[in-house]
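Labels A, B, C and D are assigned to the chains in the order they are written; within every chain, residues are numbered from 1.
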Amino acid sequence: MNFASDNVVGAAPEILAAIVAANEGSLSSYGDDPVTTRMTARFDAIFERKVAAFPVGTGTAANALALAALTPPHSAIFCHAKAHIQDGECGAPEFYTGGAKLLTLPGEDGKIAAATLQRAIAEAGVGSSGGVPVAAVSITQASEAGTLYSPAEIRAIAEIAHRNGLSLHMDGARFANAVAALGLSPAEITWRVGVDVLSFGATKNGAMGAEAVVFFEPARGSELPYRRKRAGHLFSKQRFLAAQLEAYLTGDLWLRNARHANRQAARLAGGLRALPGFSLRYPAEANIVHVEMPEPAIRRLQEAGAVFHRRGGPDSRLVRLVTAFDTRPEDVERFIEIAGVASVAR
Amino acid sequence: MNFASDNVVGAAPEILAAIVAANEGSLSSYGDDPVTTRMTARFDAIFERKVAAFPVGTGTAANALALAALTPPHSAIFCHAKAHIQDGECGAPEFYTGGAKLLTLPGEDGKIAAATLQRAIAEAGVGSSGGVPVAAVSITQASEAGTLYSPAEIRAIAEIAHRNGLSLHMDGARFANAVAALGLSPAEITWRVGVDVLSFGATKNGAMGAEAVVFFEPARGSELPYRRKRAGHLFSKQRFLAAQLEAYLTGDLWLRNARHANRQAARLAGGLRALPGFSLRYPAEANIVHVEMPEPAIRRLQEAGAVFHRRGGPDSRLVRLVTAFDTRPEDVERFIEIAGVASVAR
Amino acid sequence: MNFASDNVVGAAPEILAAIVAANEGSLSSYGDDPVTTRMTARFDAIFERKVAAFPVGTGTAANALALAALTPPHSAIFCHAKAHIQDGECGAPEFYTGGAKLLTLPGEDGKIAAATLQRAIAEAGVGSSGGVPVAAVSITQASEAGTLYSPAEIRAIAEIAHRNGLSLHMDGARFANAVAALGLSPAEITWRVGVDVLSFGATKNGAMGAEAVVFFEPARGSELPYRRKRAGHLFSKQRFLAAQLEAYLTGDLWLRNARHANRQAARLAGGLRALPGFSLRYPAEANIVHVEMPEPAIRRLQEAGAVFHRRGGPDSRLVRLVTAFDTRPEDVERFIEIAGVASVAR
Amino acid sequence: MNFASDNVVGAAPEILAAIVAANEGSLSSYGDDPVTTRMTARFDAIFERKVAAFPVGTGTAANALALAALTPPHSAIFCHAKAHIQDGECGAPEFYTGGAKLLTLPGEDGKIAAATLQRAIAEAGVGSSGGVPVAAVSITQASEAGTLYSPAEIRAIAEIAHRNGLSLHMDGARFANAVAALGLSPAEITWRVGVDVLSFGATKNGAMGAEAVVFFEPARGSELPYRRKRAGHLFSKQRFLAAQLEAYLTGDLWLRNARHANRQAARLAGGLRALPGFSLRYPAEANIVHVEMPEPAIRRLQEAGAVFHRRGGPDSRLVRLVTAFDTRPEDVERFIEIAGVASVAR
């Protein structure tokens, strides 16, 4: 019953098998290898266009490299106040961009509303002779709250951004969960609605450690090879990252894994919200559930060995539960059951 | 009737005279000159202790160098949401620190309350495995709103800061106005109540272009010579900066100038607040007055040649008026009079 | 017959097995896992002291993080003119340090001589008011030329460095090859002779992608967790890096692999130098052989499918051959044989 | 008899007069003032084209901002091994560019030869998968050795640079001395022969503290306002910098000053080289003379109160003498005389 995060799990068997399979013979290093070539083809295929996809080792690296490609040092980036780039990456965006500034926006359900962005742009432009110009906006899909942007919401944000000279970045650490939940194609929630660059996550959904920076206009990624190398994120044996991503994008693995995680989260949400004293903080649309629950339930669950994080401090009754590709349905049921008993026991 | 800022004015005659006087003969460059030595002695004297004072050309440089000395790149700095370092310096703190993050705090009257800082520190420490550690807090004295921190307020902030391992920086772009208005010694509102480093402003109060970074524990400034040189803020003919600061601190010039500016602001505030439809947004405690006034008054004043900025956009009725060392009392009276006529004319 | 580099090979079977074994169940992310704990113990054991070892994904990351921990932005680092940090990492040291300067030193056989360092320090201190202070020296063991520093040579460099306030970094991308070739303990060529921080390489010697920054005074690594996270080199599923390093350091695997590679290089060097028209550029002391050979031999070998790099441009007759943990002796023999035939055919 | 540098002198009387004259009334800050407008017109006039000229306070700032505009962080800059940007600015180029790398080139008489540049570019392109791409070359006119590039030499460098995608920066800390000595127009040794951006110096030749970054293609300077502000080099009372530069460029002041300095240097060079045991290290073409002289002469001159620097350490017999706009001919004669006496006294 470990719902602490989708990164406490291991790698999917298909991913491990791909790594083992890639361990054959000598191959040119630094990405000049056939595995990378096949991975590239997979990215083009799932996005239905030629993209420039750069594998890296972590989501923080993907986000920071993507943002550095979009924004000069003397610029600002809008993001949600709870965005991972703001409070979960120890200043990586500032480091990689050379000191750009993150300007946080409020927003319900962990999402930025187009109107909020519009207003923030207007305000940023007023009397700001000494302010930094805003160069980009970053949204997270699925969001840190476990919610989803609809294509229309993304398009509205993209239009405002582009009209004002801003680029649109999407942090897709849980992109698969979003695609699976929305039942749309990857293209429909990215470049077709205005996303310029995507941090494509795989690690939280079954990879061992592989993400990619994806530019929908390949030319915009022209300097990424230098930035990636300089950051120490060009792996000499890149075949092992590429093999993970290739396997991930082959035969629907990524969506199968995501659907499973989403289903477990939906079941958790449904089961818990029905209990007296329990309520969902946000709609549970992907694989994250934020539940406010009675303190006795929290304690009972912890005593039963369930692992999860409280949000907002040690006394908070807000609990975040994250499911993964290998979450066992029986763990979900048991969690709900214990919570229910505790609830009644009050 | 130019109330746009205290930097639209020229230099005080005493400052110019000092520059002319410093133009005698050959002197060692880069600060190894007798003018700098005398300036240093003046700083020690007015702060009643040995300090390390580094002259630079602009307030932005002073702030950014001071913050860089206090904070590693992987850290955050608390400041007020309207702090000049946040929205008036085009990302200079981020540039100089190597990408530290400014975290803004709300606060009435342009000031940070100790309780707000306490809460923010507590929250920053919760669940922030990926967050940057906070290394400093920066307050502005007099504040951008034209208000003042009392010694007790500063001490409360300093105690919370130091107890939690944070350093305390004071942006003193209008430090003279604060000292003059509070009627306290410079020491009483800086190191005696816990300020670690001060950006000592002079340009807005009569200098031509000279500020200083002042470390109250000289050892903390040990790497500043390198940082300053590297930033292009070590002037070869430093005597001309030192001469300005020496003259500024000699014979009470700095406080005379500040008192004059403060008096004009007080007169403006008193005269305007008495008019129907006018109100002060913040207490006018130094040399800045924020007034909400009827639109016709704004127009009438502009037509009469008055220069000032609206705050909050072109349609805002909030006007900022800044007085300076050479603001003419007759301009103040005329401004009030025109405002009053417009007010009646409604 | 691929001698292009020791990173064109895959992973050793023991490493892959360890990865597979680590894929069991849920474990806390970001290094708070038992695999990392075991890895840490292995590092302490092989270095015969408590060290602070931080796993990262690439050697460039290890070097850049190590140097950033030793040097402020306003400083310089001495390294050999052919050091990998200078010409193989796309400016990573400059990026991570915030703009420190690499000052290159000449040196025979790819090594810095103590006397050269002494002279460079003396010169750097002369008339350099505007120069950056030198904060560190970096040496590579085994060197990029395939040569080795003896303990006495390292100690001499360390003494000069420390006497002048410089820290000593060792780029150990091929550290195992050095330890194996010298027949000394890891401690004897690192902290016992004055090395402060080591980039501990594993990828070139059988790991899939895992290196470590090793601080011999753990306190000096106190800010590394922040720098690593901020650089995107803290892996969420760190167990998979730790598993590689644990297996690498278990049961002599790392030295077995290195000995094999060294032996193949020695055989190559011995076989080739005996041929007419062939000569070794540097002593082949580890797993790299630099041979000058007749152009017909180069062509003949390429036609036979041998892969290797020319050094110094397309017309250069200087060829670099690198052996690895899985280099086949029959490939070595065949390479020598073809070279010999070509040589005779002249 | 202070020949230590051309920055030990004060400001020219015409410059001081202009500062005093600019101290009239309220003017918009941050460069939106008529003095700046007039200064801009002067720059356009002397360069015979529309340029983008940005005043800053120091030469280090000018150089670093210029280079940052030309080069991304992941790039390298060629410069002479003795260039001021390499050894006199404490890493300012690295700081401002975000970590670009300076690659030094050897060259006689303090100058880079076109052939050397050509060779270095060729070598940089070979086998440098991990090297940073070179983005710019920087030359100093007049050079740190006191020598001059002819228009043909500059053109040859520019052609090689541009053909290979590099920009050409000129450090013109002593640009006036070069223009005066060559008897050519400013355009003839800058944009007409391929210079892209110039650090236009004035401080060493009579200004109090004012330099400018000059882009010959104004569009290339489009982001400089942000970079300058962010670096703390946008002066609020910019009129005082602009006034210096306007006066400097008015009525031939800059060339008059430079001609005077050059003449004194020529006299020094001529007088000293004629003495037994004295020799010039470089041709003395501008206002710097490098003389090797007998140790007794050095001592005798120091005893007589002459101020100058030895180059190359405390025991070096190489002395650098710099003349300025206000160097007194009688000091020059006296220096030669004392040197001559000492020489005979041997």
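Simple rule for what comes next: contacts are C-beta pairs under 8 Å (C-beta built on N, C-alpha and C of every residue); 3 or more make two chains touch, one makes a residue touch a chain.
In this text, all values refer to a predicted model and were calculated from it rather than measured experimentally.
A.B. asks: Find the chain most remote from chain D, comparing centres computed as mean CA coordinates.
C.D. replies: A
A.B. asks: Counting C-beta pairs in contact, does C-D beat A-C or the other way around?
C.D. replies: Answer by contact count: A-C.
A.B. asks: Let me have the rounded angstrom distance from the C-alpha centre of chain A over to the C-alpha centre of chain D, please.
C.D. replies: Chain centres of chain A and chain D, defined by C-alpha means, are spaced 51 Å apart.
A.B. asks: Approximately how many whole Å separate the CA-defined centres of chain A and chain C?
C.D. replies: Roughly 35 Å, centre to centre.
A.B. asks: Once you find the CA centre of chain C and the CA centre of chain D, what distance in Å lies between them?
C.D. replies: That pair's centroid distance is 41 Å.
A.B. asks: Considering chain B alone, which of its residues make contact with at least two other chains?
C.D. replies: 60, 73-75, 89-91, 95, 98, 129-130, 132, 226, 229-230
A.B. asks: Flag every residue of chain C that touches chain A in the complex, lowest number first.
C.D. replies: Going through chain C, the ones touching chain A are 2, 4-5, 7-11, 16, 19-20, 22-29, 56-62, 64-65, 89-92, 95, 203-204, 208-209, 226, 229-237, 239-241, 307.
A.B. asks: Can you list the chain D residues touching chain A in their complex?
C.D. replies: 30, 72-75, 98, 129-130, 132-133, 223, 226-227, 229-230
A.B. asks: Touching chain A in the complex: which residues of chain B?
C.D. replies: Counting only chain B, the residues touching chain A are 60, 73-76, 84, 87-91, 94-95, 97-102, 122-123, 126-132, 309-314.
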